[in-house]
Amino acid sequence: MMQKGALNVEKIRIDFPILNRKVSGGRPLVYLDNAATTQKPLAVIDAIHDYYMNYNSNIHRAVHQLAEEATIAFEKTREKVAKFINAKSTDEIIFTRNATEAINLVAYSWGRANVKKDDKIVITEVEHHSNIVPWQILTSEKGAKLEYIGVDDNGYLKMQEYKSHLDSNRVKLVSVTHMSNVLGTIVPVSDIIKMSHEKGIPVLIDGAQSVPHMAVDVQKMDCDFMAFSAHKMLGPTGVGILYVKRDILEKMPPFISGGDMIKEVHKYETRYNELPYKFEGGTPNIADVIGFAAAIDYLNNLGMDKVREHEIELTKYAIDRISGVKGVTLYGPRNTNDRGGVVSFNIGDVHPHDLATIMNDHGVAIRSGHHCAQVLMERLDVAATSRASFYIYNTKEEIDTFIGALEEARRLFKI
Amino acid sequence: MMQKGALNVEKIRIDFPILNRKVSGGRPLVYLDNAATTQKPLAVIDAIHDYYMNYNSNIHRAVHQLAEEATIAFEKTREKVAKFINAKSTDEIIFTRNATEAINLVAYSWGRANVKKDDKIVITEVEHHSNIVPWQILTSEKGAKLEYIGVDDNGYLKMQEYKSHLDSNRVKLVSVTHMSNVLGTIVPVSDIIKMSHEKGIPVLIDGAQSVPHMAVDVQKMDCDFMAFSAHKMLGPTGVGILYVKRDILEKMPPFISGGDMIKEVHKYETRYNELPYKFEGGTPNIADVIGFAAAIDYLNNLGMDKVREHEIELTKYAIDRISGVKGVTLYGPRNTNDRGGVVSFNIGDVHPHDLATIMNDHGVAIRSGHHCAQVLMERLDVAATSRASFYIYNTKEEIDTFIGALEEARRLFKI
Amino acid sequence: MSDDIYREIILDHYRNPRNKGKLPDADVSIHDSNPLCGDEIDIHLKVDGDKIKDIKFEGRGCAISQASASMLTEMVAGKPLTSVKDLTKNDILENIGLMNLGPARIKCALLSLKVLKLGMVKYYADRDPATAKKLQDDSKGL
Amino acid sequence: MSDDIYREIILDHYRNPRNKGKLPDADVSIHDSNPLCGDEIDIHLKVDGDKIKDIKFEGRGCAISQASASMLTEMVAGKPLTSVKDLTKNDILENIGLMNLGPARIKCALLSLKVLKLGMVKYYADRDPATAKKLQDDSKGL
């Protein structure tokens, strides 16, 4: 399993105990479902364990030692997150449950305050449901319109359509993914943001698939909002992040209200807390936020450029090998500079669920279905696809196992 | 530390490794901040550990073995929660981040669909901010009114005021805590619900302080909504529970929208998923929901009646001993049948934060401040109180240590 | 294991489904889908007295759900409609010869039976509510 | 440790605060609170040329925050207003004789200095924005 690539994968795999697991009656686990959620290194698992064993406490409002230790560790994560995406200040980092809730926060708080009848919100055909449904609900509530940027047959956005949308006035928000969770397409967000800002329109970037896999700099990109999930980048489940530029955040009304997000509550009026606490109502997911810090440390130690390099290598190899299998249709850009490590495909008339079952028998975990992207499925004119997605611990040997299972499916289904 | 009470505390303490911790330069930890969050037994810590080490995966939408194992474990918790509070069906159990988000879900989804101009929402003076601020925001948005049931000098609700509110028509919702997190008062929720239902008005019960400490049966109580938090009942941070009666839930629009809560997404319209998934948008806090099952098992093994009995014993003992300290003012009912194991007090002109610091020097963790109940603080005419709160692992010996620290404060402040 | 699942006969029913199509003069038609994987099944029934005179299905989804539906239609055609209530999970799994599917894929195999049972109840609900109620109670647990 | 904190002098300033009250003809008044514990401090200043001619504070909160405020007013009365910018965390902790407070309680001790620095900046902001800007930059990090 010697690998002379960007990352020392052999060493990395030692940090992920689950990769020793046997599945399907004794097969080594080949985990290729990383776009859904990644595995966690021991450092993260241990950080959570350590918190509960040694300093579990509610935070922010107590004087005792456990509370003090927990508060410091919790806020330390906020600093690390801010630094990881190069936010100007920790005040711009809000912890939510997941990327989905982060986008909903914007739709409820910023959206309801700013979007009016006949306004438009522009999204794309490649969005995850989490970046579609909140805007459907908001626009239908407000009598506003939802507009889509189309995607061409190679998986690229039709930028001309985007220009027309922008020219048509009344666009209040542009909300696009940085990387498609089906096609792998890396969207030219800097161009999109620049064009949008020329018209004074803010942009939300769904970073759920990009922040885990490449260096992302919110100041350089100049996005106004960014949402992503800890569990897709080695972190625990139950932690999402919303970044919002301070001048926008300062004007946003609260979303989840209750304990911790207030300064003073009187019977009929309330003064809200300072940023970012104003947007974090109730007891946070303390243990997992603290655990997330270890995930960021882990990625920083590897270096995000190396992570990206490693995934390009694997993706190249995977696309090459899959293309060699008879009956396969591949989706998304062919150029690995324009895409991430997410490979969607179909083979003959094998339904993706059947393929996933066959894969599972070989120990290979892939995802099958609509991947929460039914608008894109309609565009591709398929009910579902199969999807393999890679991360820092995956190897070419695992891709070989995957290809073996694919050949087996072809044999069984006589394709 | 032999205890001949309702619970075998000596045995229980072995399951909570953090209780061996030394704080403040070598003092054994005396953890009396349980109303804020409780400690976690090894079984819970291990369940989370086991999940990440062995079957971490996203759930619901995948065919591979890890996803199957994780989905089964996740849904198993839902069954255990439903049984624990005796809900009719698992469809009535929604996982949120915390009790606060659970109440907000009702305010956003049910509230915005049902509350109109000049309607009234009735709450009480003892509510936690999480059961005040969402209703302030909703009523001010809708031009509706927020009404308070007062509390008398002994910490009991003024039921006559409640009757007048009900008689005044246009009450759309009654939302009350089951147990005050400051006074300990157990609110007569069954009476409140009965009276309210006679007028056809639904009732939300904030069970954050009751469900962890006594047997609660939502069918017997007949509440329409109930909210509580896993972290206050041995469970992990990041998991809240909202119970809603099915016939109400079926009519509620979604709250957090995106992945997992949909059946079909088209460009301009969406069909939502079945109950309860319709209300759980995005990747859930899988690990911690699974860990919560171990907490419920632990409490079931002890028996909730025994838990309550143990806390009555401790509370009686604590009230007796605190009353004996010169200069102390105690808040809340004296009769331990009417209250839970939450004891708030002040001593002389010692500010609660100073008291908490002195306590901390003795290894004793108590909470000081307004306890997210500033409306009640105004009613009691104090800026803050000190609060000791008990759980299954606390002992009379720990209360003695606490009393020792209290005497020390008296000595230092010359009271 | 995949060898056991994707046998000749399953693939044959997947690719050449029996009784697939519409039934214009159906006495009852019913639809359901599996929200987790998106498999869909419609069943149309023509009933004569108590007998299933004609049955057709439409659907899309994986080989297991579609083959299972196809084989189910063959199994019940001509049988008394009420006898559907006695069909169990095991009957279906035996019928398609797949006794050890995991929980995720079992749902695929059982979707058509779920739809058929709903159809049976619906048929009687309009004609004989008491029977419908009884059939529903007896069919519980799928 | 509590013995070190709650010494005679702290309790004396807590119970008999110096310079506590309003200042009707103040040149500048400023308020802030500690959101985590609710301690509140108002500081009122009368300035003569560059000198703090009179200083009063109002407030409520714990012994540490109130005693620290009381002792701070004594420390700066009569001093040049701009000299406030040079006061550090350590100056305050030394002034009240509490060098090893934990992070939660340190905020209590430093609240009055924070308010005083805000007051200094506010005073100049209306009169000499350039100086105000410079003072603000120099005072950062509290």
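Note that the chains take the letters A, B, C and D in the order they are written out, and that residue 1 is the start of every chain.
Operating definition for what follows: contacts are C-beta pairs under 8 Å (C-beta built on N, C-alpha and C of every residue); 3 or more make two chains touch, one makes a residue touch a chain.
Just so it is clear, the model here is predicted, and its values are computed rather than measured.
Asker: What chains do subunit B and subunit D have as common neighbours?
Answerer: Where subunit B and subunit D share a partner, that partner set is A.
Asker: Please indicate which chain is farthest from subunit B, where distance is taken between mean Cα coordinates of the chains.
Answerer: Relative to subunit B, the chain with the farthest C-alpha centre is C.
Asker: As a quick test, compute the distance in whole Å between the mean CA positions of subunit B and subunit C.
Answerer: Measuring from centre to centre gives 46 Å for this pair.
Asker: Distance from the CA centroid of subunit A to that of subunit B, rounded to the nearest Å?
Answerer: Between these chains, centre-to-centre, one finds 31 Å.
Asker: Taking each chain's centre as its mean C-alpha position, how far apart are subunit C and subunit D in Å?
Answerer: Their C-alpha centroids are separated by 78 Å.
Asker: Could you pull out the residues of subunit A that touch at least 2 other chains?
Answerer: Residues 24, 61-63, 65, 67, 353, 357, 368-369.
Asker: Where in subunit D do residues touch two or more other chains at once?
Answerer: Those would be 37, 105.
Asker: Show me the residue ranges of subunit A that touch subunit C in the complex, using the header's touch definition.
Answerer: 24-25, 349-354, 357-358, 361, 368-370, 383-384, 408-409, 412-414
Asker: Can you list the residues on subunit A that touch subunit D in the complex?
Answerer: Of all residues in subunit A, those touching subunit D are 60-63, 65, 67-68, 71-72, 263, 273-274, 277.
Asker: Would you pull the subunit A residues touching subunit B in the complex into a rising list?
Answerer: Going through subunit A, the ones touching subunit B are 17-18, 21, 23-24, 29, 31, 33, 36-37, 39-40, 44-45, 48-49, 52-58, 61-67, 97-101, 103-104, 108, 128-134, 136-137, 146, 148, 229, 231, 236-240, 254, 256-262, 264-270, 281-288, 353, 356-357, 359-360, 364-369, 372, 374-375, 378.
Asker: Flag every residue of subunit C that touches subunit A in the complex, lowest number first.
Answerer: 1-3, 5-6, 11, 15, 37-39, 60-64, 105, 108
Asker: Residue numbers of subunit C touching subunit B in their complex, please.
Answerer: Against subunit B, the touching part of subunit C is residues 33, 35-37, 102-105.
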